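One chain, chain A, appears in both complexes that follow, with chain B as partner in the first and chain C in the second.
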Partner chain A sequence: MSDTASSGIGMGTTLAPAWLQRVTPAARFVLQGGPSALAAAARALGIPDADAPGRCSGEGTTLTLIWLGPDERLLIAWLEDAASLGARLEAALAGQAHSLVDVTQRQVGLRLAAAFAADLLNCGCPLDLDPARFPVGSGTRTLFNKTDIVLWRRGVDDFHIEVWRSFEDYLVRWMAEAAQDFAPQR
Partner chain B sequence: MSVARLPTGGQVGRDRTLRFSFDGKSYEGLQGDTLASALLANGVHLVGRSFKYHRPRGIMTAGPEEPSALVTVRRDAARSTPNLRATQVELYDGLCAVSQNRWPSLRFDLGRLTELFSPLLPAGFYYKTFMWPRTAWHRLYEPLIRRMAGLGEAPLLPDPDRYAQQHAHCEVLVVGAGPAGLAAALAASRSGARVILCDERPRFGGSLLCDDRSRIDGLAATEWVTAAIAELAQNPRVRLLPRTTAFGYFPHNHLGLSERITDHLAEPPAGLARERLWQVRAQQVVLATGSIEQPLVFPGNDRPGVMLAGAALRYLKEQAVLPGRRVVIVTICDSAYRVAFEMQAAGARVAAIIDLRPDPSPAQPDGWQQRLRQAGIAVETAARVLRTRGRGHVSAVEIGRLDAAGLPTGQRSIDCDLLLVAGGFVPSVHLFSQSRGKLRYDEALQTYLPGDSAESERSAGACRGLLSGLAAALQDGAAAGAAAANASGCAGEEPRFEIIEDSTAATAGRLPRAEAAVSGPKAFVDFQHDVMLKDLDLAMREGFRSIEHIKRYTTTGMATDQGKTSNVNALHHAARGLGKPVPSVGLTTFRMPYTPITFASFAGQARGEIFDPVRRTPMHGWAVRQGAVFEDVGMWKRARFFPRSGEDMHAAVARECRAVREGCGVFDASTLGKIVVAGPGATAFMDRFYVNDWSKLAVGRCKYGVLLRDDGFVYDDGVVARLAEDRFHVTTTTGGAARVLAMMEDYRQTEWTDLDVWLTSTTEQWAVIAVQGPRARELLAPLVDGLDISAAALPHMAVVHGTLRGMPMMLFRVSFTGELGFEVNVPSDQGAAALDAICEAGKALGLTPYGTETMHVLRAEKGFIIIGQDTDGTVTPDDVGLTWAIGKAKPDFVGKRALARPAMHAPDRKQLVGLLTRDPRVVLEEGAQVVDVPGQAPPMKLIGHVTSSYASATLGRSIALAVVAGGRARIGQTLHVPMPGGEIPVEVCAPVFYDPKGARLNV
Partner chain C sequence: MLLIRCPHCGERPEPEFAYGGEAHIARPADPAAVSDDDWAAYLYLRTNAKGVHAERWRHTRGCGRFFNALRDTTTDRFIATYKSGEKRPEGLR
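Entry: the complex of A and B
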């Protein structure tokens, strides 16, 4: 995917700091349904269901499944494309009440990796990001100031952020502004 | 060396002097000074003029409670902060401060003339005097009063500094780093809990900083503070926040802290935030907010040189400043005695202690009487200060006793240059009260103390009434810290301290607060708002009984200090005057912020480019290259029109309109909201949510949907496509996308849990390119990789999946222009490439980019409404001619029952009609009113208003849509639009101006 296809503001410019980088998976889906549909999908994916608030699954695979609500998951596929994955899931879910929607290009992924990552996120995100409270491997839908994000902790100082594409510029500008208090000599 | 600075002692850096200016005059101070201590060191006591009478005022306190010494600190024209308390301003080299509320100068102030009229300015003066004539308030009284009164001036330039905001969580938040707070933080942190410790002062330690006699664990008090801070600082789970005021206590242990980061620096590093607003969510809170010493009320108690006894002690011990050489101390409690000993030891002459209590000695420690005799300090018991004397500064006090009738006896005068006042310490219960904790009145201390907590919070030390001694405060803090840690799930243990207390720093003793006030001229209760004892008396004579009413009538306690030094005295005086016990007079409310917080701190980073998200479509860059003029629609930037050289908007829009009607135009429609409604219950959900009947909509076909609120009024609209039996692609208005999804989720999750249906926003998954005009099909056909898009294969209101030059595509045959139209949906990343392909193919056909303005004109020609422009939240489907959309056979839908109300069918409801001006060149103003009878004098009978109005290039004349009472029955009538230049006659017509049969659509 090319960054020039986006608005050309934000990540496509020099504004993007080294500690905040675009990361582009192959596909994203919002999967919704009852417990049996979600379990069937997890079986088809070969990973456990992310079945509690803050939970993620798929560690060690090329898939990441994030709990967004009691009947809602965000599926990120790092290698398999949307057409193939979508067909595979629809086949597994045949006959089950569910909704599977391709959102691959609705949002963009940003990797925030810095010693000050949690503090920087807390400039706009009210969650408790202490590693004991939001451990490595957690994921959730939350806010960063005026934009919705999905936050997934890959390491103590390493976060993956999903944000709707037109809010990316706002998010990046905000983080660059706030980072002055953590990395003034960036 | 400055006149009042002692050659040794204090905790100031003496290796370097700091230069500063006050009112243009240069002075020198030391590192560790506040502006107040530095001014006192230079013998400057007169620092401001009072709010109402412009009386000369000095420095009364040493902390945030300061009512009088308010100054403006200026770094440059944009960095000027008014109303700072000089007692909290840290000195730095080059600091520039100016006094306020004086003209032309602090020493000679013309405003002082108001004092001559002070008998004419009683409490309630404003309410009584400036009521008549009413018109004079805005033109005369208010401007005059504002010029005379008021505090400093806000800078007019934009604030160039940065302001940060930060969320933080902890198990234990400790507010206040005096002995109790430090002990609490130590106890809590040793349990492994995350601890945040904040204090408004630059240094932790509180009262320990002016205690050089007590010993804790074998260390001098200040050394113990240093050791405690060192232990806390090396604990990675502890965050220390000096210069940080906890200003607000919000529900669920959510506290606001304001950290001042650079205000104390001579040269703040570029880029560093000036302040940081912390939003802390603490599992447990320990309030160790200490206490505030109160002044006493007697005539002339506001004269410069009158100071709180505890403040003088702090200036002496912390900054080695002796604010006077010949000292009189007036007191109602024991705390004054320690100050007397210390002042005398530092070289001042304590001329007398005036103690209101007839026999203070029983409560005092052994040996005090002997020490007093040795020091030669005379104690006048059962005595009071009757008034002060002095020009600009206190030079003598008149003391005496009051007889049974309240008349003075035995008056005599004592010369002095400093009058210290000890009215007893009052616990700071502000935050506790903000947390909705219940206060209880303590008879012994004659003050309110924290009672039952409403939050997970505990008070420790002086702020809960432990005013007697260091050991009690320290051990109480330790217990509170350990208990807070335990309550948060950590194993806290209460440390024990070995404490040897300063023998003079003792008990409050008996506190005859109720009898303390001495009435007479210029006996001030509220120093910042110039409220005197006689003002309170007047309020009570006029019938005010509740302290809340007395407060508002006299404005006592309503200044920027929120009555930190006045509320207690006012309350006791009111209780005495009304002959009631203090608790039955009531208590005024403690409100946030504890001390003033800058507006910029609350705004934080949300300014300029990141005030709000600015959303741009995937084709934004294309529109920029085409020279688009943008408009804001919600958070989106949308291309409004594409002027070519020399064109104004009118010309550009006329050209764009003609291009769409005659050839083809291209439009970025990506901002339209898109929602996938999917699941076995999707059709039922749509039937219940929208007014339309969806059951008969075939897969691959579209329908115009209308959404009502439950009150029956039109809320949103948009084209809905059925992609599968159990899947709909819903479009919403650009501005309605978020609220429609939220409303859908609300109904899905709370009302219709019987339905297996789910919602997903896909607004940003798709880039949407509208290609509209008679040549649109001719343009697209070669691009869609063999897809049949003929009228037979893809009729109006149909949708098909395909590819466009290999890019996955959903192609809608829809039109908001009235022409043959398509909307190409491609994944957002491919929007720009798809648009490039369409524009390239369109070159030969004269494809013209058009913007939202042209879209508005074209749809108005067809009478298509825009939600929010032609509707205003009070419009039913029938009002705007959409009854046809309602599924009549459906048992229910959102708003159906409301539509059945008789008022929704009244014949005089405002209905959407077209208006044609008699003169076709006249374009009506949107929002203009409509009348039926011409020539009325105001107030006219208004029967409607213009909602949309344009010059139509297609029709060669102006057109307008309007909502008019009983409008459809008026078609053919002439109505009038009154405007400043005269009434404009208009003819009412059906609201479709172009191709009413839709012949151009179905081709």
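Entry: the complex of A and C
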């Protein structure tokens, strides 16, 4: 991670962004389906459905469910592995029209925790990140510069970013460069 | 930043959206029965409105859903947005 971030950054500046950490959940799924399929999945998971735009659920559990669209959710499992979770969900969704895709390896998670986190994100993300408009506990798919991300606000200055694996290098380099305006330089 | 009201997500920044061409163009139910001219018109002929235009947009980098919008092509002002499948709102200028 720090190798990625420190290589190729201009003007000889070496950044080891302690504020940006790779975090690795045990499993990720994208679930698509109608209201009854989503409700059945939430029941099987034992958490409420994230049933409104920007909503996340699962706080206080080892699961995070993020609203991506009216019929689409991103499920992040911090402990339970994909095989066991997938089997559990498929059992609960039997007979219902749905799509359940294991995306554990498709994307990586980055945790951005710093006092300047929202300002740094706004260097590439056009979303209004004022805590009144995007409160703690919100999550959404959005944009960071040229790449799609899923942004989840864990705290006022604490964000979790999901990005497709091959875009991680781009995102990290871009953030490291932008952070030179905010972070103390070595 | 131009904000577009997604019917599913509310007001969101314009870079999250993708334009999807003119709205309310129905594919002929039986393409084989349509004359070449009518098929070409379905494929290629568009209103090219100056003023209020009904068009499709997709919230690509958000909820991923297509929706329809009424936009004034001379001012770029969004007059209304509504879900796919709903009728074009009347009387809006």
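In the analysis below, the second predicted complex is superposed on the first by the 168 of 186 C-alpha atoms of A that agree within 3 Å, B and C clash if a C-alpha of one lies under 4 Å from a C-alpha of the other, contacts with A are read in each partner's own complex, and residues count from 1 in each chain.
FYI, a contact is a pair of C-beta atoms (placed from the backbone, for glycine too) under 8 Å apart; a residue touches a chain by one contact, two chains touch by 3 or more.
Here the structure is a predicted model, which is why all the values come from computation and not from measurement.
Visitor: Looking at the overlay, does A:61 come into contact with chain B only (first), chain C only (second), both, or neither?
Guide: After superposing on A, A:61 lies clear of both chain B and chain C.
Visitor: So, A:143: does it touch chain B (first), chain C (second), both, or neither?
Guide: second
Visitor: Per the contact definition in the header, classify A:167: touching chain B only (first), chain C only (second), both, or neither.
Guide: A:167 contacts chain B only, not chain C.
Visitor: Touching A:53 in the superposition: chain B (first), chain C (second), both, neither?
Guide: The answer is second: A:53 touches chain C but not chain B.
Visitor: Who touches more of chain A, chain B or chain C?
Guide: B
Visitor: Just checking: does A:72 make contact with chain B only, chain C only, both, or neither of them? Give me first, second, both or neither.
Guide: Touch status of A:72: both partners.
Visitor: Tell me which partner A:126 touches in the superposition: chain B (first), chain C (second), both or neither.
Guide: both
Visitor: Mind working out whether A:177 is in touch with chain B, chain C, both or neither, as first, second, both or neither?
Guide: first
Visitor: For A:102, using the defined touch cut-off, is the partner it touches chain B, chain C, both, or neither? Pick first, second, both or neither.
Guide: Once the two structures are laid over each other on A, A:102 reaches chain B alone.
Visitor: Just which bits of chain A does chain B share with chain C as contact spots?
Guide: Residues 72, 126-128 of chain A touch both chain B and chain C.
Visitor: Going by the contact rule set out above, which residues of chain C touch chain A in the complex?
Guide: 1, 8-10, 12-16, 61-65
Visitor: Contact residues on chain A for chain B in the complex?
Guide: Touching chain B from chain A are residues 1-2, 4-9, 30, 32-34, 71-72, 97-107, 119, 122-128, 130, 133, 145-147, 164-167, 169-170, 173-174, 177-178, 180-181, 184.
Visitor: Would you mind writing out the residues of chain A in touch with chain C in their complex?
Guide: These residues of chain A touch chain C: 53-54, 68-70, 72, 126-128, 140-143, 148.
Visitor: Can you list the residues on chain B that touch chain A in the complex?
Guide: Counting only chain B, the residues touching chain A are 162, 164-169, 194, 269, 271-273, 276, 279, 281, 605-606, 609-610, 612-618, 620-621, 635-636, 676, 678-681, 727, 756-765, 827-833.
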